[in-house]
Each structure stands twice: as structure tokens, then as C-alpha cells.
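Notes for the one structure printed next.
Chains: A, B and C, in written order; residue numbering restarts at 1 for each.
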């Protein structure tokens, strides 16, 4: 359970270009099933997702994850929570060019310093699960859209997080690939992962597996 | 001032280090004034990010200082040919009143930096950063130390006048001379070595108690500081004699030369590291009742103390071996 | 502890991979960096080995030399002074030396003619320094013909060449026996060039020198330690001068390094953003960047130092020997003795790696505090 209590996020506070991305939001979200944050661009769904995923701290208000207060943690500790609790799939996948698929998948585990052999086996296991084992030693920039997307999912799963966060995951995919992605996400939900997605793609928020849709507008619940 | 590369390097390094520390102190003042962890404001985020910069700056100043300490001694060694009467680094440090204070300030800066970094490392383990204020207040005390060091060093080098006849280790550390150095050297080797052994035993006892029961960390640190002083004294008045196998050669620097198998590094490196770790452990003990740090200090403090004990043991082991293997007999058959 | 080392291992691996991915960007920096190290290291290695060499040579020379002065100029010293010096306490061995200079118009160079104390050459024979032999194209067995002080030609057979390892001081040397020396220069029989004293206890050297200037007021005692000090001071000062000149280069390098470190490309910025978003902490990025700097520094330092080593010890410092060595017409073909010490390396560090690191701290920190949510904006 994630609880948001009067959460606001403001950029450039006190300056002429001040922007309120999220205003005074109160919300409770299940950490199981698939939850979609829906809204037009600029509605604050990405800012909200960033705060939920411990990527940024609210300007005011409190966020609790399973009863633990997250919103007042310094960056150092937010990062610790982030890398153990959340896995991220970004809009443009954000794989690092020049590194192999395998290295990209292992990256989130580096700061945790696991045993190198074990980490490799785990990463290769994930790649096998997502039919990427032949691509393991290819550079990430040579991948097709679908492969890049599956690599991003493997990377999100390497630290075995409880919750997967996906920011506009279908924005750069055609309908065919979007459906495939949603099937994969459905499978993850079946394995017990919580899924948080921000999207304004009807393909996503109208999907049968989605358990809850939260609609945002101008930083508030619509 | 002799214009040699090493002297240029030392002045340049100290100047840079003080500038970096003054910069860090400036940030520290901002943190002391505006720190508010409960706020999610952009200023607070900025301050939190500054803490990374400050820690990095202090770490580099500390590392640079360690190296400049070595260079300072090497350089004094090399300059000794240019001073009538100086046969090693001691004579050069003795050439004017700023030599020894500069060395002392460099060593103090080393310990201050080490203790601060250890404290910082502990504080970074607790999500509420309970030591933010004391930590940055301490940093404000370290900055003047660096400024004093750069000044003393500049004065030392400016006042170095090669025409001056200085006294070398032989006369400085000879019992007939006057001053602290002579008194140290004039100590009966038996007394100083006994004191060293006693302080070692006391250190071992308190260290083990702290390591196993988690009590008496402050006492351990105090004893470690005391042992550091006793150890330096014992090196000058006792151990050095055994190494040089000469009853009147007391120099603490010649030990670093190849002629004595660089045995000085084996003595000084563990001694300095052990003392720094013990001081760090003792410093963190001051805050052992901070709620969010209680558990961390209870683990870290004794662990540091254990490591420090191992290093002290290395120092004691080597010193004992040096005395035993020596052909010089001062105390009669042991 | 293991996890600490392992984490550093991962970070190092990442930073090396990151360097390897953009070789072009770092090549320029490494080259400039290595050049700076090369210049500084060449200066240090060269003067240090000169200093070492002269100390080695002087170690053999006597503690005290006594010269006679006439109207403030160096004059020949009467042999009778030898006995008077013998009465001074503390003086051990003492003997007169014969040496002088000879200008050879054939090669337009000055030779130093000297009578060695031990094993002087047989009558009519000489031992030649390598420089003289080279200039005249002579080898052992050949004859060297010179015009004496009276204008008569003198022919010497070359018995041997002097060993090459002392060439810095023996290049222009010509050794012959006392009779030949006196005849060649028409040198008065009861005089020496100077007198040499051995003083056994080094502490007494100054005392003895004082006594000499009292007993023989027209003489000047020269102490070996004074010569050593002067050499040291001169070498140190020359080194310092070169370093002051190079400080400008160092500053330029610092600005260059700062600029390089702050001018991150969009690609690199994006990368750091991704790393932070997927769970890297600011401290991890900082350490990764410092590993990167360490790898660059190590490469440049080793490269520069190695090149300097080769330059000084294999090519005899061709680039700046003229500035640092002093000059003579018979240029010694000096092969410096390899010599490396902690003082040099530490000094070099403070003139290259230290400024580089200081210049990059703030740019690296700026990069490391990239907002983790930046990749989502």
C-alpha cells in the first residue's frame, strides 16, 4: 500500500517560472495488480510517478510505502529504497549505448556489489526468460524495438523489485509491440509484482488486466 | 628560500589544500544555517548535494596532506646537503623555528581529516543525518588548522638560509643538548621502551574490552593518542638506537632511508593508521546515544578498534623484532 | 570489506568501459597530460642524475684543498708549505697536486692536464679522456703531438682511455707523469698547483681550515662539502627555474582539464541520468568518475614518465641538456645513471595528478548530482 498525504511538487519555487506539477494530492494505491495513471501531458502523472518511485522528493506532503515514511529521506537513502523496491521501464527504454545487452541488464546491481558470477547467471536467466539469450553479447544499439523493450524489462527485474514502474511504455511502439508489452506486463503482475504505469494510450488504460485507473489533470485528481 | 621543485610543490599543494578547505568551510556555514531535513525545498536538496562535494573535498585534502607529509620529510632529507652541520632531515627542520611546527601541523591535519572522514562515514549511515551540525562545526575548526599549516610551511621555507650552521640529529638528540628533543633523546632507553610496552598492554586491554563489550571507546582513543606520543618518543630514544646499532644516533627520519631497509615505513604507517582509526572510533563514541546511530556505532566503533589493534600489533611486533635482532646491547641480556 | 572492494571493482569496470567507448575524447587529454609529465619528469630525472653523478665523483675527492693566492688570484703554491701544514693537528695525509689547462688550437678546446697520484703513466705516455680522444680521433697506441710552453713539439703515446662512466668530469682530461708535466709547462720544480689534505674526522674539517688560514695567511682552504653544497644548490636552483617556467604550462593544463571535465556531452549526461534512475547513488557516480580520472592519470603519468626515462637515460636528454648541464667546448657525451626516488615521484605527482584532480572535483560533482528523475522529463 502506498499512501500519499497532501503531496505537492513544485519546480523553480519562488521564481517567475514556478510550476506546480502536483498539488495537494491525497491518494492510496495498491502495491499489487496494475495501476495506470492517466492524463494528458502536463497533467503531473510523470512527476507523480517519479515521486512514487523515489526518484524525486515531494516539495511538501508525505508518502508512505507499506507504512514507512519515504518522503523525508535524503537522496542517499531514497536511492537505497529505490533500487531494492522499484524497477523502471522508461519511455525511450534508456539503454546505455556501447554496452552489451548483458551489461545493460546488470547495471542496476553494480552498487549492491553482488557476487559477479551469481549476478551474471541471474542476468542470463532473465535474458533467457525473455528470449534474448542470443542477443546477450550484442551492443544495445543494434536491438530492434521489441528486443530493446524486453531488455529494459530484464534490467528492471535484475534486483528483484516488488514494484515495476513504467513511464509511457508504449509511446514509441506500434500497436503490435504495445500489445506484446502489455502481455509481458500482465505476466509480471501474475508473478506478484505490483505495476504502476503512466500513460495516455487507450490501449493501456483500457486493457483488461488493469486493476485501477487514476486520472490526473493539472496536478490534481480529475 | 631554496627554489627547488619539491619546495614549489609543497607550497602549491598546501595552498591548494587550504583553499579547498576554506571552500568546504564556506559550504559548511551554509549548511549550519539552513539545514532542514524535513523540508523538500530546492534549497534543502541543494544543501544535501553540497554534502557530497564537501566530503569529496575533505577526502582529497586528506589524501593530499598524507602525500605532502611524505614529500616534506623527503625534501628535508635532500636539503640536508645544503646546510652546514645538517646530516639528515632533522638538521634541516632544525634550521629555523618553523620546521618542527610545520611537521606537527601536517600530522595534526592528518589526524583531524581522518577522524572527520570516519565520523562522516558513520553519519551517512543514518537517514536523519543526526551529526550534521557537530560534523560541519568540526570542519570549521579544521580549516584554520590548514591555514596555520600553509603559513608555517611558507615561513619555514622562506627563512631557510643555506649559510646557516644548523645542528644535526647527532647534536639535537644528544643528551647533552637542551630542549625537548634532547630530553626525549636523553631518556633512558630502558624507561622509554618499558613505557611503550606498558602503554601497549593498557591499549590491548581497553581495546579488547571495547571490541568485545562495546564499552570504553573514549578511553581507548585517549590511550591510543597517548601511545602515539610514547611510541614516537620511544622510537627516538630507544628503537632508533637498536636499528642504527649506535648508542647515540637518535634520528627518527633516517629510519626511512634505504640504508635501513626502509624500516621506518613499517613502523610509521601502521602507527599512524592505527592511531587515526582509534581517534575516529573515540570521536564517534561521543554520539553513541543518538537514537538512529546507536546500533551503527555499536558495530562500527568496535570494528574500527579491532582494526586499530591489529595495526598497533604490527607496529609493536616490528619494533620488538628490531630491538631483538639488533647487535646493540643497551639493556644487558634480555 | 569484500563488498566494498567488489563495488569498487564494478565501478572501475564501468569506468574503463566508458573510457573505451569514447577513445577520441580522452586521447587529447592524455596526450597533453603525458606531455606535461614528460617535461617535468625529464627535468627532474636529468638533474637528479647529474647531482648523483657529481656526488659520486666528489666522494672520492679530498676533504680540503689549499690554494695560494697572490693579489687575489690563484698562484702556484711552494712545496715548503707542505711541511708547515703537517704541524696542524687533525691533518692526516697531505700532498701537492700538479694540474693545469692547455688550449689546443687544432680542435679549439681546453684540455685539463693532470698528474695522477696513484699509478701515473710512464714517461712519454698519457691517458686520455674520451672527449679529447674523440676530438682528435685518437685511440690507444696512437701518438698525440702538442706544442709545449717553450714552443717545442711534444709527442705522447696514448697508453689508455679513461673509463666512460666518469665522463661528465673526465671528458677533457689528460693524465701524465710529474716530470713530463713540469717539462711540458716549464713548471717551477719547487712548486705545486695546490695542496690536498685529508682530515680523518669530518667534524674537524672546519677547525683545520680555520687554523690553515691563520698559519698561512696567503692561502685559501676549499672544503669538499662547500663544493657539494654549491653543486646541489645550483642543480636545485636550475630545476626550480625550469619548474617555475613550466608552472604556466601546468595552469594551462588545469584549465584544459577543468574544461574537459565540465564539458560533458549530451550523451554522457543522459548516461549519468539513467544510472541514477536505475539505482546508482550520487556517491557511486562520483566514485565511478574518480576511477575514470585515476585511470586517465595513471596512463598519462606512466606514459610521460616512461618517455622521460627513455629520453634522459637512453637519449641523454637531448632536448634540454644545453640548459641544465652547463657547457664546455668538449661536450661530455654523458650517459646519465638511472636513478629514481620517492622525492621525484611525489614532486611530479603534485605538479600533475594533484592539479588535475583538483581541477576536476567540482565538474565531476556537478555531473554526479544530475537529477535522477531527469530521464523521465
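Heads up, the rule we're going with is that contacts are C-beta pairs under 8 Å (C-beta built on N, C-alpha and C of every residue); 3 or more make two chains touch, one makes a residue touch a chain.
Being a predicted model, the structure only gives us computed values, none of them experimental.
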Exercise for review: Select the chain at the greatest separation from chain C, using centres from the mean of Cα atoms.
Suggested key: A
Check your understanding: Taking contacts as defined above, which has more of them, A-B or A-C?
Key -> A-C
Check your understanding: What whole-number Å value describes the gap between the mean CA coordinates of chain B and chain C?
Key -> 33
Exercise for review: Round to the nearest whole Å and give the separation of the Cα centres of chain A and chain B.
Suggested key: 49
Point to revise | Rounded Å distance, chain A centre to chain C centre (Cα mean) | key: 63
Practice item. Mind pulling the residue numbers of chain C that touch at least two other chains? Key: 282-283
Check your understanding: Using the touch rule from the top of the page, what residues of chain B touch 2 or more other chains?
Key -> 49
Point to revise | Numbers and ranges of chain A residues touching at least 2 other chains | key: 75-76
Review point. Which bits of chain B are touching chain A when the two form their complex?
Key: 37-38, 40-42, 45, 48-49, 124, 127, 129
Study note, to complete from the structure: Interface with chain C, chain B side, in the complex: residues 2-10, 12-13, 16, 20, 49, 52-53, 56-57, 60, 64, 67-68, 70-71, 74-75, 77-78, 81-82, 84, 162
Study note, to complete from the structure: The chain A residues in contact with chain B across the complex are 12-13, 57-60, 71-77
Check your understanding: Which residues, counting only chain C, touch chain B once they are in their complex?
Key -> 40, 43-44, 206, 225, 228-229, 232-233, 236-237, 239-241, 243-244, 247, 282-283, 286, 341-343, 346-347, 349-351, 354-355, 357-358, 361-362, 365, 368-369
Review point. Inside the complex, what are the residues of chain C that reach chain A?
Key: 3-4, 6-7, 9-11, 14, 17, 21, 267, 270-271, 274-284, 371-373, 375-377
